[in-house]
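Here come two complexes built around subunit A, the first alongside subunit B, the second alongside subunit C.
Right, the complex of A and B next:
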């Protein structure tokens, strides 16, 4: 869903956008499968366990990860819990004030949960939930991942996916010392260390690629003007092995199944470049953070 | 619940696209999964549809797939208080709710908060909104009993209700979901299979136009498995589309008599 109604385009501008995409030359000079320059900063929220800010052109999002000790669910006692919430700030668009941004927030949260947390049995989860457990069945880490959309210029979902990946690689889970000799039924005493931190393993976290179909062609990383001209969009989350970890069609007109399969192969191709770019940006950001 | 005698067959199974026997390779903890209702892996539940379930609505439909029972009413095109702006195309408003007794544990519905927006996305590409400008069509779905594969049943039932209401559409929408358990692909999963699944794929498509209006994938899928699952779903949707069409024809011929 794009922030429609904000972008007033004349008929000429609409034709220009569609024609440019058909000729593989978009309004800002990019090709169809090129991303805008990505800037990643980590550690922007010192009070959180991990945080990151990602800028994708004019789209600006912040992701923060906070962990609290909690009790694992009875259905899965050997796994921690992760909750993902997205908030669209009114600074991005005036219509997000109050409850206006709720629909978009719910859609983004749902798409991110599907891509990063996998199915109910935990298979295909990008985040290894069993690394979050402290005492099986009794104490585990509850991770709250919050995304904030500060400025929206299209492709918010991809930016949020990248921000969450960066925030998770920045996350340090404090070491927990469990008091030995606790009775079986009682909650064991835990001591959260302030000094030692365990880095989160983000090698399995997938990256999200949104392909927007305009006319007969698909583009990657659409700006909000291009999104207003879309006929439909599909967001695909792909991990390093090239497997699909989640996929959502984001509304619009119907798509031929062969188009969907083609989109998957394009997303596969684009995701490899995106992985490399993101990894280099994240390590550069962490290096910057260490120096400052 | 059986269909009337002489009606078209209500059970449908898609053609297995791989066309070879599936090797029974299971990882250590998996056992040979026997489906609770002893269906084959590629066999869908018998589908029962009835339109005209709610008299006061412009159109309505009731669907029963095994233990999943859904009723959908359509109101409109009518004026909407929510729509403040003038719009020269119609608006669609969808709402999916669960009764408190729908789930095995009272009050504990599945994560159906996003079902309303997913139903909206599945239908928005099919309804010809230019035919009812300035007005809104409301689609209210109520899941009476949740027996697995809820959203696909809701989508199929909603498109029948819209047809019953006379809202112009490009085609009916048939929806099917596939669950992945280990190496097996199970079509039209029940609640128990959904809780053990490693991944799921839900497709809503227009059978005659062969276009997909909504697609959601969870879990990890390789491209070939995804391809196979998608073909399975499309084939099943085509057959489900025929059953929906015959239900509409029956209802139309019944009113003519």
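Right, the complex of A and C next:
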């Protein structure tokens, strides 16, 4: 998801970036597999059921989760529904003005849906959809996950994945009391509680690790300058058990299959650290939110 | 419905002439030339300024001054009910135009001919007074970008409910159907640059409500000055040099 055309680099700068990556010393001093410092804040949008803001260097994204009651689809009456939309704010780049950000937004939304939501039959979703059902076949929760890219400096997809994970851990689904004796009604009476909330279970939610290939090496968490020099990138979504939940390859240059398998194992290794870092950041953020 | 209780307290516990809590932060978007976040109570907006830079569309280039463009967008999650279309609707287009005209009036555009200044405002949370919060955020973002201006622009809104003028309406008070007066001023020059009102008011009451909104603008200006005192020394020097040279 590079914002190409935005970054004006001279030949010397390009060589510097490529050379640095080859020598495992990037422009900002990081090694190839090191993430930038991650800052997580939860509960930034009080009106939403759950929200989080993640800063990864200069990349700043906000994710919010809102639930509305709806009817489950007839194909999957025992599951709720989740929809993911991403919007690229023009504050991130002037080219996102008007409809300029639509292409990137669609690409990001698609990648996130692939990684977090299951197949068409509903199986294999990172989010447990059956916990969203209220009355089987009649009433379920529709979760709308909205991502907003406020500032983009590379690796927006990973930041959005982390923000969605944090927002989901911050999400409280109100308890719904179904009116008794309404078993035969098409639309049973429901009473949404204002006080009781069910915390969402996010242990199965994966993180996304994007590996960007520059020259012969791959780097994790590329800045937009580094992304402008990439030949291809693979984004892999991995959960805590080490299972791959989704994959996307971008960039025109072809990759040898052995390279892709190697990237997957590197992503697996990196995701361990990312999970630990994210979990500690999320619990610190929630503790901060409780205090304030 | 009662918007002001008999003790004189509004729905959120404020007095009629009390503003919501203000909070500003500068430099929130690292890649922008200037950016700021402004909060008025629960209304939260981010403004980013890109420019002065080369005009993207040659046909719009102006030979003797800078081209100022503005876009206002609301996040999907900014309002209570989720919005389907964050930009392009009529209200967003109108507010973009209003912000552009207000900021264009205060930027010294003839110092930057044939260039373009883009102001992008993104609403993160909308709880009434988004127009004012956007103008205040845009002012700070322009100052952060170092763009020369005649003066800062501050804005605030006021209304009239239960026969009492109320300062800085929130969403519930704004939706009550009473009048909503939005004022934007240049505080040092003491000039009004933006004035909008909807619904209807008797003329003398209008003067009171407008005066209240203007007082609110001055309070915002004091807050902004505290946030960025050093920047305004620079801008005043620019203006003096321009006027007296």
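To be clear about the criterion, the second predicted complex is superposed on the first by the 290 of 292 C-alpha atoms of A that agree within 3 Å, B and C clash if a C-alpha of one lies under 4 Å from a C-alpha of the other, contacts with A are read in each partner's own complex, and residues count from 1 in each chain.
We adopt the following convention: a residue touches a chain if its C-beta (ideal position, glycine included) is under 8 Å from a C-beta of that chain, and two chains touch if they have at least 3 such contacts.
Model, not experiment: these values are computed from the prediction.
Undergrad: Give one word, clash or fit, describing how subunit B and subunit C relate on subunit A after superposing.
TA: After superposition on subunit A, subunit B vs subunit C: fit, no clash.
Undergrad: According to the stated criteria, A:260 is in contact with first (subunit B), second (subunit C), both, or neither; which is it?
TA: First partner only, subunit B.
Undergrad: Using the touch definition from the top, say if A:158 reaches subunit B (first), subunit C (second), both or neither.
TA: neither
Undergrad: Return first, second, both or neither, reflecting whether A:66 touches subunit B, subunit C, both chains, or no partner chain.
TA: Touch partner of A:66: subunit C, not subunit B.
Undergrad: Quick one: is A:58 in contact with subunit B, with subunit C, with both, or with neither? Answer first, second, both or neither.
TA: In the superposition, A:58 touches subunit C alone.
Undergrad: In the superposed arrangement, which partner chain does A:227 touch: subunit B (first), subunit C (second), both, or neither?
TA: A:227: touches no partner chain.
Undergrad: Where does A:286 make contact in the superposed view: on subunit B (first), on subunit C (second), on both, or on neither?
TA: Neither partner.
Undergrad: Based on the superposed arrangement, let me know which partner A:85 touches: subunit B (first), subunit C (second), both, or neither?
TA: In the superposition, A:85 contacts subunit C only.
Undergrad: Using the touch definition from the top, say if A:41 reaches subunit B (first), subunit C (second), both or neither.
TA: Touch partners of A:41: none, neither subunit B nor subunit C.
Undergrad: Using the superposed model, give me the angle at subunit A's CA centre between the CA centres of subunit B and subunit C, as a multiple of 10 °.
TA: 120
Undergrad: Could you state the shortest Cα distance, in Å, between subunit B and subunit C after the structures are superposed?
TA: In this superposition, no C-alpha atom of subunit B lies closer than 10 Å to one of subunit C.
Undergrad: Where on subunit A do the contacts from subunit B and from subunit C line up?
TA: Shared contact residues on subunit A (touching subunit B in one complex, subunit C in the other): none at all.
Undergrad: Residues of subunit A touching subunit C in their complex?
TA: Residue list for subunit A touching subunit C: 44-48, 51, 58, 60, 62, 64, 66, 68, 85, 87, 89-94, 97-99, 144, 146, 148, 150-153, 224.
Undergrad: Which part of subunit A faces subunit B closely enough to touch in the complex?
TA: Interface residues on the subunit A side: 103, 106-107, 110, 114, 118-121, 123-124, 232, 234, 239, 242-257, 260-261, 264-265, 268.
Undergrad: Subunit A touches which residues of subunit B in the complex?
TA: Touch list, subunit B to subunit A: 113-114, 117, 120-121, 124-126, 170, 194-200, 205-206, 209-223, 226-227, 230, 234.
Undergrad: Flag every residue of subunit C that touches subunit A in the complex, lowest number first.
TA: On the subunit C side, the touching residues are 28-32, 35, 42, 46-48, 50, 56, 69, 71, 73, 75-77, 79-80, 82, 86-88, 118, 120-122, 124-125.
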